[in-house]
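Worksheet: the structure to be examined is printed underneath.
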């Protein structure tokens, strides 16, 4: 009980309240449009959190996130063609994405820094070609002729997909919190600062980098699979596409790389942009690219960085926390 | 049974194609060698070169090779701008900043190409690029020979430039020891800008010869980025001769896998080979 | 010629120099002496424009150079022969020398200065086609000094040129320095060895923990009790006898 109370800072209370509102929103009759944007928010958030774990906290600038979400998506889609229910496909897909992460870890983990980035960039490109050629189970033609309709979704409610995505997003945030407060988080910080020194101190750098890579593959896979269940079909060109990487990167960088709250704020902005730019879809990558570069140059720590430097914000939070602490002691 | 004679054609094609690949990789290698930056936007900048030639051809009726007089200054300017105003600041921020910014540039160029010229596949077709030449009883596209000649010319020119001119020597010096270069009176910030800009001249030339050989779309950049990267890790960074060799090896991989397994799989093979080489020799096959 | 006035210099947040002032007079041979980490290299780098002071000013021939970039300072005629030589390892010895004449005013005098370098260091002429990293330590130091001469400097800064070299070679290098000074180039050299430095120089500054603690002509410093005290094992009598 004491433990619970001590955790009851104003921040946690607000977060708890927001999550509860988000949970009841579909049954409380939230407009379908909202649910849709929130669904995207949850999916992007889970992915952004995982990229932050890799690039921000582990020094792994991974450009192969589309591989994980695509593999999981394809697993769901192909699964439904051999009568595997979609929810089982999501879990199976995430596991396959995890196994795939372990497999590609062998080549790409021999690389560091910039080499790692470009090594991982190759992976989704190769997968796109592979899925154009490879069609193990029968399916209707979609997109580039290599796509799949996801079957058996007729009686799936929007709210079911929404809750699944919400669950994944919350899980991704909780996992981040757990990792950063664990010994793993410490080891990652050591590696990021100096891999060679960490290795000579007896840190198993391969293993310790593999954990975040694996976790990010599984969670990104889950989120991707849910996205494709929502979309109802999958095809290689748009799946193994750098546009996914761009969304994930942008959300993390706008909010603040290497900050826990960054991806949340960044994802809100990305979804909002998506909403605003819907009419200018043809220009969206251009605009996103400009924003990405501007943020990186002007405020490398993103919006969280700006807020941290604003005394006003700091003062308010200190005041609020003190009030709450006083209230508790009384 | 494959007759050995039938292999002659893909082998010669592969070597000639290797020239184009080396040409594409040259700018990437130079930017890495001097600034220690893997320019994720390299492929898209090459494709931008192809599109500039395409525009010159369709609107001005210019020959693609002649359009270099426009493509070279444009890419030179873009390269100088990228280094002076974006990358030089990014390096001071963090290790990942230059990479993330390069990624942003890549998508900006890709999207711009798409807005200006639609997502349709384009090509730089001229009378001579479609014609062919004979070597004994074999016949090859003339464009492949042009690629190879262009690659050799550009590489020799670059080598002489780096060896003989003050600017070239300053670039070499700055890549070996930045601090000492500053003490020699070299304005290294400016020199980095020129190095990037010169790399982009190579990219412009590569883009034009690429456009005469293959069809291209706004999203082709990433494919050629990976090819260029493959060439560079096979050939070792900073070595012009190594780049040439790396290009030829990848060219041969492509034509031979195309020959044995059909053209649909050849790019997949290239990607897999790049990954395998990275796994075996992360710093490059011929690299130090 | 060069006036350094009350400068504070930081490496990020670490203050390496405190209120340092120093004068270099035209035509002299000046020594800057101090133990390891006392801030000697920091001072030279600040003069060269690689670092900038947060307080104070630097003036060269009446011109304020405090905020100039390194390449501008080289153009004005100050060249630095850096600690650890800083040669370009993959370039030939000749190319190393040529790159020394990069700045505008030096290019015109390139052949003339190259001849001078070979006069000071004849051994370099025979090595000119060799890759710089294949030269011996002494030859590399000569190459580094020669490269500095190629910039056609008025003032030459040398940072611990004798580091890691055999005494015979160090003697040779100091002999060359004296000759260079004869040609009208002012010299400011950094050393850790007090005795040798005071012998070679007209005047010297002593730097301790980022502060100038002592300065004067060699003769004055010979008399100074503090030198003896600070740098144990050497008696002033010894130093001054040799002088």
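A, B and C label the chains in the order they appear, each numbered from 1.
Rule of thumb we're sticking to: contacts are C-beta pairs under 8 Å (C-beta built on N, C-alpha and C of every residue); 3 or more make two chains touch, one makes a residue touch a chain.
Small disclaimer: the values here were computed from a predicted structure and weren't measured.
A summary of chain positions shows that the Cα centroid lying nearest the centre of all protein Cα atoms is that of chain B.
At the far end from chain A, in terms of centres built from Cα atoms, lies C.
With each centre defined as the average position of its C-alpha atoms, the distance from chain A to chain C rounds to 56 Å. Annotation: 33 Å between the Cα-based centres of chain A and chain B.
The geometric centre of chain B is 44 Å away from that of chain C, both derived from CA atoms. Within chain B, no positions touching two or more other chains are listed. Partner chain A is touched in their complex by these residues of chain B: 36-38, 40, 86, 89-90, 93-97, 99-101, 103-108, 110-112, 114-115, 222-223, 225-226, 229, 264-265, 267-268, 271-272, 274-276, 278-279, 282. Against chain C, in their complex, chain B makes its touches with residues 166, 169-170, 172-173, 176-177, 179-188.
Interface residues of chain C facing chain B in the complex, by the touch rule stated above, are 48, 50, 69-71, 74-75, 79-80, 82, 86-91, 95, 98-100, 102-103, 106-107, 147, 151. Against chain B, in their complex, chain A makes its touches with residues 55, 59, 61, 63, 104, 106-108, 110-115, 117-119, 121-123, 125-126, 129-130, 132-133, 242, 245-246, 249, 253, 257, 282-286, 288-290, 292-293, 296-297, 300.
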